[in-house]
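Presented sequentially are two complexes of subunit A, the first with subunit B as partner and the second with subunit C.
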Partner chain A sequence: MELLSHLMDGFSVAFQPFNLGMMALGCLLGLFMGAMPGLGSVNGVAILLPITFFVPPTAAIIFLAAIYYGAMYGGAISSIMLGIPGASTAVATTFDGRPMALQGKADFALVAAAVASFVGGTISVILFTLFAPPLADFALRFGPQETFALMVLAFATFVGLGGDDIPKTIFMILLGLVLATVGLDNISGRPRLIFFDLQGFYKGISFIVLAIGIYGIGEMLWTLETSRGKVEIASNKFTFKRLGEALKELKRAWKTMTFSSFLGYFVGVLPAAGATPAALMAYGLAKSFSDTPEKYGKGEISGVAAPEAANNAASTGSMLPMMTLGIPGSPTTAILLGGMVIWGLTPGPLLFIEQSEFVWGLTASLYAANLVTLMMNLALIPLFVWVLRMPFMILAPLIFVLCFVGSFAPDTRMFDPWLVLLFGFVGYVMRKLDYPLAPLVLAIVLGPLAEDSFRQSLISDQGDWTPIFTRPLSGIVMGCAALLFVAPMLKGMLRKNKAKAASGEQS
Partner chain B sequence: MTVTRRSGFGLGVAGAAAFAIAGAMPAAAEWKPVKPVEFVVMAGQGGGADKLARFIQSIIEKNKYAEVPFIPINKGGGSGADALRYLKDNQGNDHVIMATLNSYYTTPLRNPGIGVNIDEFTPIARLAEDTFVLWVNSNTDIKSVDDYVKAVKEKGTAWKMGGTGSGQEDSLVTAMLEKAYGIKETYVPFKGGGTVAANLVGGHVDSTVNNPSEAIGFMQAGKVRPLASLTAKPIEELKDVPTFKSLGKDLVYRMQRSVVAPGGISPDVAAYYVGVFQKVFESTEWKDYCKKNALQCSMLTGDDLKKYFADEKASHEALLKEMGEIK
Partner chain C sequence: MRRAELIFAAILAAFSIYLMYMAQIPPLQIGWVPKKGPGSGAAPFWLSAGMLICAIWIFWRGWKGATPQGRSTEPFMDSYTTKMVAVTVGSIFMMFLATHFIGAYAAMFLFLLFYVGVFGKIPWPTTIAVSIAIPVFIFFLFESGMKILLPKGMSEPLFIPLYKMFVY
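Take a look at the complex of A and B:
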């Protein structure tokens, strides 16, 4: 019961009025930053870091963690409302969130995102409270071989994602992998695929630029063409009755949410991964195990709930290696880590022992931050839905501006907005030709992780690839990947047979 | 291999400080920034260089050393190629400065395509040098460098040395180590120093040359063991750890933490920045940070720094040539 008393001490720290105020402020700021495309939690935390030099460390970390949290919730908002992922972690949320919005169910999608984030956040904080030190040891057992196996697993979850056109899906994955190799290679330190000798390619093609291009610009062009500018989205007034209906529909997804929360947490804990792969994997798995996978991508509420639960759970998870090992699990935790150093705390194995007030204050504040962001989100839904009612003539230019600002902001160079424009056009053409875009995005996120870990494991084992299968942990993960790879195919075949039996009447 | 120009700590600092203050005093009154200063970081958010830049920013803001904010801007692309190019393109801009690390020398050498010559930039101040130490997992029997060399020779090229990306500091240090002891290891590159340290603790690599700040936490927890440091004198925080020098091998390598400005700025402007960083260097926050992270903190400015940069660039060029990284 030592744990409980620690946690109670933590709550007494977290509920000091000043800390509580910092937390609420952080949640609100994070929410809006997450909702702005390109301005994710990384920038938010980086920009606001200096403010925290003037308050005690515990209040500071509570403030920054709240921003991180709020941004995780906020990322879903622009994914759903505008079809542009607010942050890389919210890409999978666009897959079903955007279709839901177009069907006039934006408020349902927003409720699903908020509730799923709450579930994911809460489950992960409980896991964090109970198993922090043993999990940190577990994370250390993940070497390059295990990381690679995990990436294979992530790819396997996406087999079914591209729809039925397997060659097109494979083509898009390969294209994504090629784009992912552009720039200076980390392992050899050599430049690769510097097209036309353009300086900008040295840095590589960032994921957010690709996502803003093909989803933001590409989607806009597509909408313009199909609707000829007359976009009408029937949106209902958000009332308590609608909230009730939304929650009722969401009840179906509770299993998905719970599973995604656990998955997200474990993926987040591993030093190499982070919230983006976690969200993508959760989406892929939800679809693979669904009884109605064909509904995914067309406005399935579980398709919003799964990635949102996972990315919030992962963001808590990635705080674990940050605090116990001093290794950031995501770019944002990397900045938090820097903050801790500035405040005079030393992250690492001894933090839990030497700075227990700090650790438990943070943990307790995470519980509270979850509740605060959930309530803020629900309260703000009418405002977000109002945005959708804006005439398209006003909304479209606004989205264009957001896309450019969002791509320019992270690195402050004009090269990225040009790339966004290019990808926007390419994305539009690909959509017209019916190429699935999700596998492309998946490949550019996971490609570098998979490549690095594969090459690291080959280098470590003198070119021998068998340890990837024979090391116990990576062997198990690879086994799961193989199962997942086969499962949707078998399921697909079964369905096709059934459909044939029902004399081929399918939409 | 490289020769340290480090003079006695106290004396060197005092000398540099006197020089800087004398140089800065009359000029500081003449020029002051009129808008926020861009503080370019040669690395991505969250890395060692980034943390340091943000820490410096916090010292400047907290103690009001400058009238305007210093805003860190990350340009980590291409091992700092982006940042170097940006500094070149901002020739004559009074409101841009950059925090450097050793890719300041190596990136222009390895990628002549970016068209950057660091001699054109204006040196402001060197604030510290980070050090390198050879580490092994503490569950091994390796207690000394002799044990280490024996173990590597036994295991042959299957010995795994973990480090940061190829061509970066860790790989250079590994190459120096291999040459000095006539051994050959398999170098496994990872993304950042923290990940490298975790892979050592997890047993996925056999040794590392982490900076003390990356591994000292694990050492205190009894997970990793330092064998020897690549410094001229023993590191204060690792008193019992011998230097390679004391073991008869001239292995010294350090990572500079400096600030530079674009070329073509007036001496008044440079003097202003020197003044600001002089104050940073003298702050108690900075002294604490140096101690906590086992940094070797001594200040260099002006012509001394120019010479230091030239020496370091030359020795890195020689190192890279030896490794076959450049011709």
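Take a look at the complex of A and C:
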């Protein structure tokens, strides 16, 4: 009952006209951002975060969460119409979405994506409402040792579950942590890593600057390279009659959508996993459990519904650890978390007690944002298709200009746009060489919190670091982290042994 | 690609050493300071040491051909990519540089004119419309809406009447 009353309070906050307006605007911008090839929720949130510093925190988080949601819906539009995923989260949607579009059933695929996103979003928000308060209550027992252990666990998941090259992943985590130490030390007040004695470094390197560089400029360079500046749009007509037929066909995918929503939510909760693997896993499982797996990849409607339900559910899932533990579950939530710190809020369990209006306002807005995005998505499909015809050589410079003003705005200094350009170029080179970028962003956001909690725990234990391993809760978390660090190496060794054994048998 | 993988790993290793050097310059301390806890330089120093180990590990794996990049014989950038990256990064660089002198709006206008019209080969009427519309939109969003003033440089006098009309 207490939960319901909190939620009702949340709805009264979410339905305040200003918050409602911000949510609708966020959904619309998110849909557009998601629909643009090469841009996704993380780009939208990174580029538009600076403009939220001028509205109250609740309206700001509602706006950004709506962008996050909208982009998840919108990602499917370019996957289907252009055959280019709007974001990596919509990669799996192209597998069946594009063949459907080529068969003249683009509208069916778009409706399936929109409805599945709604189902995934709604189921996951219900799960979020149920799981968040008990988890936050539990997390109230955490001291600096547990907080530090959780940060280590978040980084370890990238190594254990990220699936990327291990030394490159660890390097990126460490680089993010080092970049977070640039500027004045929180504890001693001494300046650290002031490169070339440039005054700008005294204020530190903001995660926004890094995120805009990587996800704005770097991502656009990557998209310009891969698309060669040209995209081809599928043709289709959209009518109400066809909408009804699409919904009828989609009925047979409801089981897939429900299952994918649960799967997506729980995968999304894990820090390194997020929406992309959730969507791919959902697609793979939907195909394995299907009676007609041979239809997948050739234009099967369930093949569109499964990844779309999962990626939306995962986006809500990734908000759970961010809100309750202060550990973001995805690069987008890492940026949201950084934004919360700038708005003067401390993400974590105390948020549920001290800023209950903020938490429940956000939760309620997620329910509403789902519905608003679904309606907008269905109503505005022709508009999105028209916008997608915009030449990429107009979209790209528009993004570059937004990156410029977006990075200048928070501190109104030209130092930051210059850093954005540097990070954008280096980020692009790193991406080409398969260095994972998400751990870098996560590490620069978590860096100050990780260092402070580590130093606090050392100071409180007179320099003894063993309590991080011996206190029951932090010990268990550190154990899990150690397993995750070691898991890929063990897997590699096992694979080698098997290969050796197999070659031995053959000879 | 293989050469790029190895050179980049070597650059990262050198950068890690530079960071380690920066983190131990006095008064920063990298060890335990009695009654105060870890020195201010400890975190950046030891994390950079970890980066150095990883960079050597990456180089070694690339050298052995254990990564796809380490085995690749394809060029790191073909001629289209090289031109695209050089023009894009170069023109953004020029836009930022010009901002210091002629202000953000004039720099943005010139950047868009060049990037959309010359590099993107979009018809000139569209190019001019886009080059004017985007800075105008940004002016109303940032200056009028959020009261964030972008640098104007020597173009400042042109904006004084606009401030009176739309900003204050």
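Observations, loosely collected:
Quick note on the criterion: the second predicted complex is superposed on the first by the 277 of 507 C-alpha atoms of A that agree within 3 Å, B and C clash if a C-alpha of one lies under 4 Å from a C-alpha of the other, contacts with A are read in each partner's own complex, and residues count from 1 in each chain.
The criterion applied here is as follows: a contact is a pair of C-beta atoms (placed from the backbone, for glycine too) under 8 Å apart; a residue touches a chain by one contact, two chains touch by 3 or more.
Since we're looking at a predicted model, the values are computed, not measured.
Judged by the touch definition given at the top, the superposed model places A:Glu294 against neither subunit B nor subunit C. In the superposition on chain A, contact of A:Pro349 is made with subunit B only, not with subunit C. By the document's definition of touching, of the two partners only subunit C reaches A:Lys168; subunit B does not. Contacts of A:Ile217 after superposition: subunit C is touched, whereas subunit B is not reached. When the two complexes are overlaid on their common chain A, residue A:Met393 makes contact with subunit C while staying clear of subunit B. In the superposition on chain A, A:Asp9 makes contact with neither subunit B nor subunit C. Touch criterion met: A:Ser188 reaches subunit B and subunit C at once. Once chain A of one complex is fitted onto chain A of the other, the partner contacts of A:Ala46 are limited to subunit B, with no touch recorded for subunit C. Applying the stated contact rule after C-alpha superposition, one finds that A:Trp418 touches subunit C and leaves subunit B untouched. Where the contact sets of subunit A with subunit B and with subunit C meet, they give residues 54, 187-188, 412, 459. Across the complex, subunit A is touched by residues 44-47, 50-51, 54-55, 57-58, 61-62, 69, 72-79, 81-82, 85-86, 110-111, 113-114, 157-158, 160, 165-168, 186-192, 194-195, 197-199, 201-205, 214, 217-218, 220-221, 223, 288-289, 292, 325 of subunit B.
The residues of subunit A lying in touch with subunit C in their complex are 51, 54, 165, 167-168, 170-171, 174-175, 177-178, 181, 185, 187-188, 190, 192-193, 195, 217, 220-221, 224-225, 228-229, 391, 393-394, 396-398, 400-401, 404-405, 408-409, 412, 414, 417-418, 421, 424-425, 428-430, 432-434, 451, 454-455, 458-459, 463. Across the interface of their complex, subunit B is touched by residues 42, 46, 49-50, 53-54, 139-144, 183-184, 186-189, 191, 194, 197, 199, 202-204, 271-272, 321, 325-328, 331, 333-335, 337-339, 341-342, 344, 346-350, 411-413, 452, 456, 459-460, 462 of subunit A. If you check the complex, the residues on subunit C that touch subunit A are 1, 4-5, 8, 12, 19, 22-23, 27-28, 32, 36-38, 40-41, 43-44, 47-48, 50-51, 54-55, 57-58, 61, 67-69, 76, 80-81, 84-85, 88-89, 92-93, 95-96, 99-100, 104, 108, 111-112, 115-116, 119-122, 126, 130, 134-135, 138, 141-142, 146-151.
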